[in-house]
C-alpha cells in the first residue's frame, strides 16, 4: 500500500529530530524568547531578502490564518478570498468565529484575479448602501493554491498593486510555499512573496517540520500587538524553542528548498505517468498536489493498493481525487503506483 | 417631490401614536413584563393559529436576525441562506460578528430551492472532510424576499420538509411579512408561515409600527434561553410596553393586514403604469417592492421629481432601481409619479 | 399602588409624542440621514459646548455600551470598570460576547478612583507576563453610577488626567446623565463631561424619551467606522428620525434638564422623609435612585402599597431595596408613599 | 547559572524523541485518526479507570481551555473560576474572545470553595434581575492550582457535588496534573479526577512531552461536536500522530507518573532548604511550584546565579518570586542553588 493522502503523513526531516534530541536538555525561556528562535528569524529574513520585518512562529495553518486575519481586520471589515480558499472552506468557520466575514471572489483554478479584486472594491464603494455591508479590509490568497496552482509574477504584481491602490493589506497563505517556490516554470521567488505582500507565512508543517508556520510581517503598520493576539488565539507554543529550532534547521543551508524540490519532482513523475496512461487531469498543477477525474470503478481498483483523497463528495459515475506528494515521498512508492496504473 | 426610497420613511399608523399618547403615563414594568405585551402576544398567536408558541418583541430586523440565529446555531454551525439574503449582504456582518458563517445557496429571484438546500446538506455529509467545514445548522429565508418575491405554498412546504428531513430548523425573516401575506395571487397564509417554520418574525418597522419585530418561536426545543440572549445582543427594549402596545394595536382587529394590503395595491398600480409605459421590469414582484432596469438618462430625469434607490452600483448605461411603497403611501403620490413617466 | 421600580416605567414627555404625531407622515430618509437628526445633533453639541464632535443616536444603553466599547478596543484589550459597573453586572455579558474582558477596579459607592486606575495600568506593565494578560485599553465609568452617586469635578478631572497620561480613552455612560447634571451640590456640568471624556452618551430612555441614547464622540481618533459598527450591532434604527426628533425636542429649550430636575427633587423628598422616619440609607445618593437597607418584614408591609426593586438577592433578615423616581414621577405618589411609612 | 523559571524549559522525555525518530517515516492519516493516537487514548482511559470516555489531544493549555469552555457554554453563560485562575489572568482574554465571561469566585491559596460556588449560583437565581446577568454555566478549577496547591479529596468531592446539584459541568485544568497526583500527602488520584469532573485534561507540555494536552470527556452530554470546534479554534494538529505517540509513551508503563514524581521531589528539596535558611514561604505548596516572599536585595543576589520568575510586579522592598522544577530538573542544579542560599 502506498499513500498519497496528503503532505503531512510523515514526521519531520531527520535533521530536525536530531537537533531536537541534541538540544533536548538545554533550558531555554518559553514563548519564543530563546536563541534558536532568534537565529531562525534571522535566517528567514535573509532568505526573504528582508532586513527589518518581524517573524513569529505559530503551530498550524488554520490558527495562523485566523490569528493574522483577526489581527488585521477592523470589526466592520471582512477578508477577500477565492471561493475555493482554505479559510472559506476548510477551517470550520475559524474566521467567522473571530467575528469576520469571508468576502468571496470568483476562483480560476484556485486563484483570484487582480481585476476582480479591484472591481469588488470599486463596486462596493459605488453602492449607496455600503455602510450596511461588510467592507473589504484585506485580501487573502494562497500560493500555491488549494488546487496546487501558482500565481505568475505578473499576476502577483497585479494583485499586490490593486491592494496597494485600494489601500488594503495583502496576506499570502504559504502553507505549501516551498512547493510553489521550487516548482518548474514558476517565476515567483521567496523575495517576490516578501516584497509583494504585507504579511505571509512559510509553511513548515507540510514542508519538512513536525509542525510550525513562520509568519513574516513586512508591513509595520499592521499587527502591532501580535504577541497577545497569538496568545489569545491559543497559538503560542510554550516551548517556542521547538519551533525556532525547526525553522533554523530548515533555513540554515537551504534544506527547506531542497526537500520541497523533491516533492515537486515526485509529483511531476506521477503526473506524467498518469497523463500518459490517459487519466484525465482536472487542473494543470506544477506543484505537489495533482487532481484527476476518474471513473469510480477505476478509483475503487486503485484504492486496493494506494490511498488518496476524494476532492469533494464522491460522484455518481466518476469523482475527482487528489494525489499529494511531500518532502518525504519515496520514489519507489511512486514507481510502484505507476506500475499498477 | 414624491418618495419611494424605502418602506420606512414615515412614522407609525396614527392609531398607534394615539394609543401611545393615551397610555403614556401608565406605569408598567420594563422588558416586556407588562399587560400590553401580554395581550399583544395573545393576539399574535391567535392570528397565527397557534396555541403554545412563544412570542418576543425586538426593535429591529438586523438585531432580530442576529439574535435568533446566534441563539439557534451551535458554534460549529452556519446558516444556509440565499446569496442575496439580507443577512448575507446588508447587515454589516452581524451574523459573522456573533461567530457564524453564512452558507450561501443559489438565489432564484431572491428565493432558495428546497432541492438546493437538500443537496447542500447531502453533499456536505458525503464529503470526507466535513469535520473541517462549517456544518449547515439552520436555514434562513425571507418572505417576501429582498426582491419582493414570494414563495408559493408548494415551495415553502418543500423547504420546510427538507429542513425537517435534514434535522435543521427553518427561520423565516418576515420584515415585510404583511406585504407578502396580502399580495395578489399568493397562497401562503400567516398560518402557513407559523406551521412551516420553527421560528419567524412579523415585521412591524416596515408595516405600520414606529419600529418593532415580533419573533414567534413555534419549536420549543430551540432558543431556550432567549431572554438573556436578547439582552446580550442589546435588543431588549427597556420600555417593552412600547413594543407590546404597537403590536396589540396592529393585531387587535386586522389593522396590520389592511394597511399591508394598501401598500401592495399602490405598488401594483405603480407597476402596471410603468410596464404599460414600456419600462423594463427586472423581476416580477407581487409585493410592495418593484425593480426596474432603466437607462441612466431616464433615471436622472425621474430623479428630478421622485426619489428611489439604486439597487447595487449605478451602471455605465443603465441601472437597476427599486421603488418601494408602504402602508402610508398616498395614492396621489403614485398618480403624480405616473403622470410624469 | 405607587411605583418606584425604575426610571423607565412611563412613556415619553408629552411634547415628544405630540411632535411624533405632528410629523408622522413626513417622509424622511432612514438611518439618521434626516433633518431632525441633523438638528438634534446641532443642539446637543451646543448644549455640550462643543463644535466639532460627532453625535450618533442609538436605541438603548446596553447596545450603546457594547457598540462603543467594541469599537474602541483592540482585540487584545479590555475595558477598566468598577466592579459594580453596569457592563460588568447587568448586560448579560454583552461586552464579552463581542470579545472583550471587563477589567475590574474596586468600587467605592459605585465609583472608581483615579489612583486605582493608574496603579492598575502601572502594575500591568510592570508585570513581566503582561503579554499574556488582557491590556487595559479604555476606561468606563457611569455618571451617575449604578448607586446613584456622582463624581465630583475633582474626581472626574483626576480620572480623565490618569487616562490621558496612560494613553487610554475614557468613556462615560450617561444613561441617567440628566439626573446627575441636575443634582443638588454637584459641580460637574455637561460641558465638563464633554471636555473630560473621549466619548460619552446622554441617556434619553430614562430621561424623557420613549427610548434613545445620544453618543457624543469628542476624540476624533476613535470610532472612525462607527456607522457600520452600529449596524453590525443591530443598533441602527431604520426610522432614525424618531430618535432625532426626540432629542431635538429634549434639547430645543432645556426640556431635558428641567424634567431631570423634577426627578431629582422627587427623590430628595422621598429620601428626606425616609431618613426622618429612621430608615437606614445604604448610600447617600443625590440623584433619582435611593437605596435603603430595610428589615424584610417592613419590606413586605411596604410592598402592599408600593412597588420597588430588591438590589441583589433578598437577605435573610433584611434586604437592600432601591427606589427610583423619574421625570414623570407624580408628587402625589411620593406624598402617598410617605404617608404610609 | 541554574534555571527555575518554569516547567517548560526543556524538550521532552528522551523516550519520546526516540519514538518520534523510530516512527518518523511511517505514513499515518492526519488529525488523530492514526493508530498511535488510538492506542494512547486506550492507555489514558485505563489509567483513569474509565471505559467509555472520549479522549482528544490538543497542543497547548490556553487553546484547550478556550476550546473546551467555548464548547460547553451556551451563549448566555459564563464560567465560574477562582480570581487567580489561569483563564482569568494569563490567557490574554481567550475566554472572552470566544464570547464568554469569566465569573470570579474568591480564591483561597488558589482554590475555590464548594460553598462559595453554591452560594454564587443560589444568589444568582434569587436575584430578580438574573435574566440580565451572565448565568453560571460551568465551573473551572485547576489541579494543581496556579499557586501549586492541591484540593483534598473532600474538597473536590464537595465541589463536584455542588456542581451536580446546581446542574453545571465541572472542568479541571490539569496542565500540571502529574505534579498534583504525585505530590506528598495528596489523597486525590487520577481516578478521582476522572470520576469527579465532567471533562478534564492531562497536561503533557509541562510533564514530559514536547507539547500536548489530553482532554478526557467523561460526560457524554457535553462537547458533542468537539472535533470541528477544535479545528475552528486552530487547535487541531495536522500530524495528530505526534500527539498520540507522545501520550502513548507517557502512559505505556507509568512514565508520566515517575517523571512527575521526580519534579515534586526536587521541589521538596528546594523548599526544605529555603525554609531552613529562613526564606519566607508565601504559600505551602506540595507540588513543583514554590513561592517565596524575598527582599529585593536578596532577589538581586540570587539572580546572579539563578533564574526564576517574579509573581506579579516587583515590589518596592520585597517581591514574590516563583521557583519551578520539572520532570527534567537536575538534582545537581538544586544542590548548587541550595549551596548559595
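For clarity, chains are labelled A, B, C and D in written order, and residue numbers in each chain start from 1.
The criterion applied here is as follows: a contact is a pair of C-beta atoms (placed from the backbone, for glycine too) under 8 Å apart; a residue touches a chain by one contact, two chains touch by 3 or more.
This structure is a prediction, so every number in the text was calculated from the model and none was measured.
Colleague: Hop distance check: chain B to chain D, minimum number of steps through touching chains?
Modeller: Shortest path length, in steps: 1.
Colleague: Using the touch rule from the top, work out which pair, A-D or C-D, shares more C-beta pairs.
Modeller: Looking at contacts between chains, A-D has the larger number.
Colleague: Cα centroid separation between chain C and chain D, in whole Å?
Modeller: 41
Colleague: Just how far, in Å, is the C-alpha centre of chain C from the one of chain A?
Modeller: Chain A and chain C have C-alpha centres separated by 49 Å.
Colleague: What whole-Å value do you get for the distance between chain A and chain D if each is reduced to the mean of its CA atoms?
Modeller: Taking the mean C-alpha position of each chain, the two centres sit 33 Å apart.
Colleague: In chain D, what residues contact two or more other chains?
Modeller: Residue numbers touching two or more other chains: 75-76, 91-93, 97-99, 131-134, 228-229, 231-232.
Colleague: Quick check: in the complex, which residue numbers of chain C touch chain D?
Modeller: Per the touch definition, chain C meets chain D at residues 75-76, 78, 89-93, 95-102, 104, 122-123, 126-129, 131-134, 309-310, 312-314.
Colleague: Over in the complex, which chain D residues touch chain A? Could you list them?
Modeller: 3, 5-6, 8-12, 14, 17-18, 20-21, 23-30, 59-64, 66-67, 91-94, 97-98, 205-206, 210-211, 228-229, 231-239, 241-242, 328
Colleague: List the residues on chain B that touch chain D in their complex, please.
Modeller: 31, 70-71, 74-76, 98-99, 131-135, 225, 227-229, 231-232
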